[in-house]
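Each of the two complexes below includes chain A, the first together with chain B, the second together with chain C.
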Partner chain A sequence: MALKVENLTVYYQTLRGDVHALEHATFQIADGEIMGLAGESGCGKTTLGHSLIVLFPPMKYIGGQVWLDNEELPIWDSERMNAYRFHKVSLIPQYAMNAMNPIRKIGKMIQELLESRKVDYKEVLPELKRRLDLVALPHDVLQMYPIELSGGMKQRMVMVISSLLNPSLLIADEITSALDVATQKAVAEMLVEFRDRQFVKSMIVITHDISILYQVADSILIMYAGVLAEKAPTQSIIESPRHPYTRLLISSLPEVGVRFADKRLSGIPGNPPLLLDPPIGCRFRDRCPLAFERCLEEPPFIEVAKDHYVACWREFENHA
Partner chain B sequence: MLRLDNVSKVYRIGAFGGKALHAVNNVSFEVQKGEVVALIGESGSGKSTIGKMILRLLEVTEGKITYNGEDISVFKGETLKNYYRQVQGVFQDPFSSYNPIFKADRIFEVLHEEFFPGLSATEWQHRVENALFSVGLNPAHVLNKYPHQLSGGQLQRFLIARALLLDIQFLVADEIISMLDASTRIDVLNLLADLKSRGLSILFITHDLSLAYYISDRAIILYKGYVVERGAAEKIFHTPLHPYTRMLMESVPRLDRKWEKGTTLLERQAEAFQGGCPYYERCPVAEKICAAYRPPLAEVDADHLVACVHYEPSATPLNPLAYTEQRTRQGNPG
Partner chain C sequence: MRRYLTRKILIYLLTFFLAVTIDWLIPRFMPGDPIRNMLARVSVASNASAIQMMYDYYARLFGLDLPLWQQYLNFWKALFQGNLGISTYLFPTPVIEVLKRAVPYDVFLLVPSILLAWYAGNNFGAFAARSKRLDNFVLPLSYVLTATPYMWLGILLAWFFGIVLGLFPIAGAYSFSLRPTWSWTFLLDLLHHWFLPFASLFIIDFGGWAIGMRNMIIYELEAEYSRYLTALGAPQHLIRRYAFNNAILPQITGLALKLGVIVAGALVTEVVFSYPGIGYLLLAAIQNQDYFLIQGCFLFIILGVLIANFVIDLVYIVVDPRTRRGMVGESA
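This part shows the complex of A and B:
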């Protein structure tokens, strides 16, 4: 088991109180698994990703544990986490396109980055060049400034940098959202290639675009309003989702070949609850067409079929 | 009703404006009343530039844009104001369309003062509420709030409501749903579909093909400022002919089909482009002639035009349905 997360709870501190951005997250990722993490904006998916590597204020660690390769990560202790960052856990941030230092040549920037993690640049350089070849970037980019690269090239460059030390876990946060379809496809396929070549043991791919996850992920975790709603192998999530939220979310996606004149799709009525004072019970209750009295209690996140976890009382009833 | 004739836009770039960037080249198309036309292209294809020229936010370098037969470039003062009563735009990022230090409904007040000074406050309030209802918002929930208190979907619908308060006939919708969540995105699309059925014409600018197909009657594919294919939406989406359109269709992530492996060609660095087909550098089926000759848009079928040598009258066309089998040339880009 590459990654095991248990009961992870992280809040945001604000002047008006704590925002319950992530509560009781419990899941596992196998070696070599690419897990997609999807949900609407504000559902806590980025919070979950970041809490595994950069838990800084205003984020506040409340409880829970994280093991990576059977070793507990001290995610609440920023100093001690330094030993793991980049070496074992690495992140491609959401705005990776602007993540590089604009006033350093890229090679120089990588050198400084490696030195700060006590790695010798010269030793890594041959491998760095091999990986540049792999993502079809010329070696000259090391002598260039970030501004000289196009959006897709920057994205590939950041991917190479983030995975350079072969981390056990790579967290890719919305890395395809700002790209054109063709570049998007190239970048997504590269993620799979990095896994296949074992540069990265396992991956969390955070995105709001489920159709991208269908192409690259082995499993998908759906979040709603700070809690886990459903996790299952990709095929099951797309073809037989069990949580009402997942069902509504998937049915609201327009596909090539669907037009409003033939088949009018509908969104999900209502808005997600405010997490400053989250409702009791199931957080999807207000928008859920299937809600009943039991939903006033918080549903646990249970395995209802092999590798298929869901948090919904209706679903448990069907199985009881 | 809105018509572009050989419209080009040249930007002056470089320190002293010494270099020219041809953002839009000889683009012609027409949008009829009650029609949704999708303008599709990747970043840098000139799609937003076209939208801005229609809204008179940019000047046309060459060619002519006419609205109901009148050249829009000569409008000024009262005639321009009248044009804006009928033609409005909504843009990608709803958050940057508002001034964060004022309440969001200020956009309605400005409209009141500028376009309807004769209306009383209560009458205006009534109209605003009607417009908000028609975009699916409850005025009690959204009025009197600051932009940060509203969600992206609400702000975007606010902007559409603002456009509806005018006597709007034509809407330029520039990537209006790319920043919205999947669950609210479809509501905004359905709203556009309803407005269309009431006779509104929409130029729907996007890079997302599945959204474009959902709503549009006709589609235009732009590449480097050139129209490479245009026509009825079903034809463009079901039998894409231009190699670029085929590549786009193949790259769209879908829930019913996985990507073909290894068919993507990475982008190359933009090189100085002289004559020839704009897609030559990336085209998997390019011929020698394509380097020097730029084919015009030719009609291959009723309401389906393509600019590619393979579909010129004398050429043997590629099989339109075989695009999934078409292998993309694997070159070393850059």
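This part shows the complex of A and C:
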């Protein structure tokens, strides 16, 4: 088991009180698994991703534990966490376009970064060049400044840098959002390639674009309003979702071959709750067509079929 | 690269032309005229017709009897021959000679204060950005300092260190009892007189640079490349170094922009301390309506500011790779 997260709770400190951005997250990622993390804006997916590597104020660690390769990660202690960053856990940030120092040559920056982490640049260089080949970047980019690269090239460059030390867990945060569709596909394929070549053991791909996950992810974790709603293998999530939210979410996706002039694309009525003072019980209750009295209690996140976890009372009833 | 430089040089030449034209115009807009002033000072004769004769003679000598456009053309002609005219106030010394005596004092005062204040202010600002407590103390102090007029601080320093404590002389560039020689006694005396004017320029500029750098560093530490490095566990010193290297760029531009202000500040500081540089000279020239000396002083200031700006432009090409890229893009 590459990653094991138990009861992870992280709040944001604001002047108006704590925002309950992530509560009681419990899940696992197997070795070699690419897990997609999806949900609408503000549902806590980036909070979950960042809490595994860069838990800084205004994020506040409330509780829970994280194990990576059976070793507990001190995510609440930024100093101790430094030893794991880059080597064991790494991040491809959302802002890959601006992630490199604009006034350093890329190669020089990588060298300074590696040397500050006590890694010999000369030793890594051949591997670095092999990986540049893999993502179809010329070796010259090491002699260039970030401004000389296109957006897609910068994105690939950052992917190479982030995965350079073969981390056990790579968190890819909205990395396709700023790219055009063709480049999105190429980037997604590279993620799979990185896993297949065992550059990274397992991956969390954060996105709001489920169609991307369909291409790359082995499993998908759906979040809603700061809590986990459903986690299952990709096929199950797409074909037989169990949580009402997932079902509505999937049914909101456009399908190829359907003319939406004839059939209106349905959305989910209502808005997610504010997380400053979240409602008790199931957080989807107000928008859920299937809600009943039991939903006033918070549903646990339970495995209802093999590798299929759901947090919904209706679902438990059907199985009981 | 070549195209970039040619364009820059053209812009500087145009600026020079306009600035010098204004420089020529300004004294001529002043009420009164230099020759009457000169004659009044020597008060040669009480006879009105004698005064009129002398007036006509000197007006012809200085070329002030010609129509203005002719005077303007003559001025440029003379300038290209390196002739700045003859001072009416220090008649008959050529303006060039007067300036030559004053310029070393200016260089001696301006160059160290500008560069040291810039260097120290930037480093201190970057340092202050690290510590909340230091920041809380330094920020308001720097705001007060940078808003202080140069001469006012000069007067305060002169009063406190010169009169109350009696540690430093408050006027002149060296003691009246000494003559300029290359001896230790003289050099020490020179430094002793130099310190207060230097300090008043240094302290005010220091405050300004420290604020600028502190704000820039805080901004750069929030920048996305800093956050990425943090996420990859890079140590603080590397992130701070990158932030400093990025933050220094606007400070270099700032230096180019502020140069004029600093030079103007130095002029009034020299007046406060009776320091025999261009500023002190300029005041005397204005009081005596000495067209030629005013023109000469301003010409020196214009040249100084333009050359310094040009040097900063060149430095920028070296330190910011993005400017170099822009130049390649232009010529391509």
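Note that the second predicted complex is superposed on the first by the 319 of 320 C-alpha atoms of A that agree within 3 Å, B and C clash if a C-alpha of one lies under 4 Å from a C-alpha of the other, contacts with A are read in each partner's own complex, and residues count from 1 in each chain.
Just so it is clear, contacts are C-beta pairs under 8 Å (C-beta built on N, C-alpha and C of every residue); 3 or more make two chains touch, one makes a residue touch a chain.
What you are looking at is a predicted structure, and each value in this text was computed from that prediction instead of being measured.
K.L.:
Counting only touches as set out at the top, which of chain B and chain C does A:234 meet: first, second, both, neither?
P.N.:
The answer is neither, since A:234 touches no partner chain.
K.L.:
Report for A:47: first if it touches chain B alone, second if chain C alone, otherwise both or neither.
P.N.:
neither
K.L.:
Applying the touch criterion given at the start, work out whether A:111 contacts chain B, chain C, both or neither, answering first, second, both or neither.
P.N.:
The answer is neither, since A:111 touches no partner chain.
K.L.:
Where does A:202 make contact in the superposed view: on chain B (first), on chain C (second), on both, or on neither?
P.N.:
So A:202 meets neither chain B nor chain C here.
K.L.:
Which partner chains sit in contact with A:249 here, chain B, chain C, both or neither? Use first/second/both/neither.
P.N.:
First partner only.
K.L.:
Scan A:219 for contacts with chain B and chain C and give back first, second, both or neither.
P.N.:
A:219 contacts neither chain B nor chain C.
K.L.:
Chain A residues in contact: does chain B have more, or chain C?
P.N.:
On the superposition, B touches more of the residues of chain A.
K.L.:
Touch check for A:145: first (chain B), second (chain C), both, or neither?
P.N.:
In the superposition, A:145 contacts chain C only.
K.L.:
Would you tell me which residues of chain A are touching chain C in their complex?
P.N.:
By the definition above, chain A touches chain C via 53-54, 56, 81-87, 90-91, 93, 95, 98-105, 112-113, 116-117, 145, 147-148, 158, 161-162.
K.L.:
Per the contact definition, I'd like the list of chain C residues that touch chain A in the complex.
P.N.:
Listed in rising order, the residues of chain C that touch chain A are 223-225, 227-235, 237-238, 242, 245-246, 249, 319-322, 325.
K.L.:
Give the list of chain B residues in touch with chain A in this complex.
P.N.:
The touching residues are 42-43, 151-152, 181-187, 189-190, 193, 207-211, 213-215, 233, 237, 247-249, 251-256, 258-259, 261-262, 264-267, 269-270, 332-334.
K.L.:
Spell out the residues on chain A that touch chain B in their complex, using ranges where they run on.
P.N.:
Within the complex, chain A contacts chain B at residues 40-41, 136-138, 150-153, 180-186, 188-189, 208-212, 214-215, 238, 248-250, 252-260, 264-268, 271.
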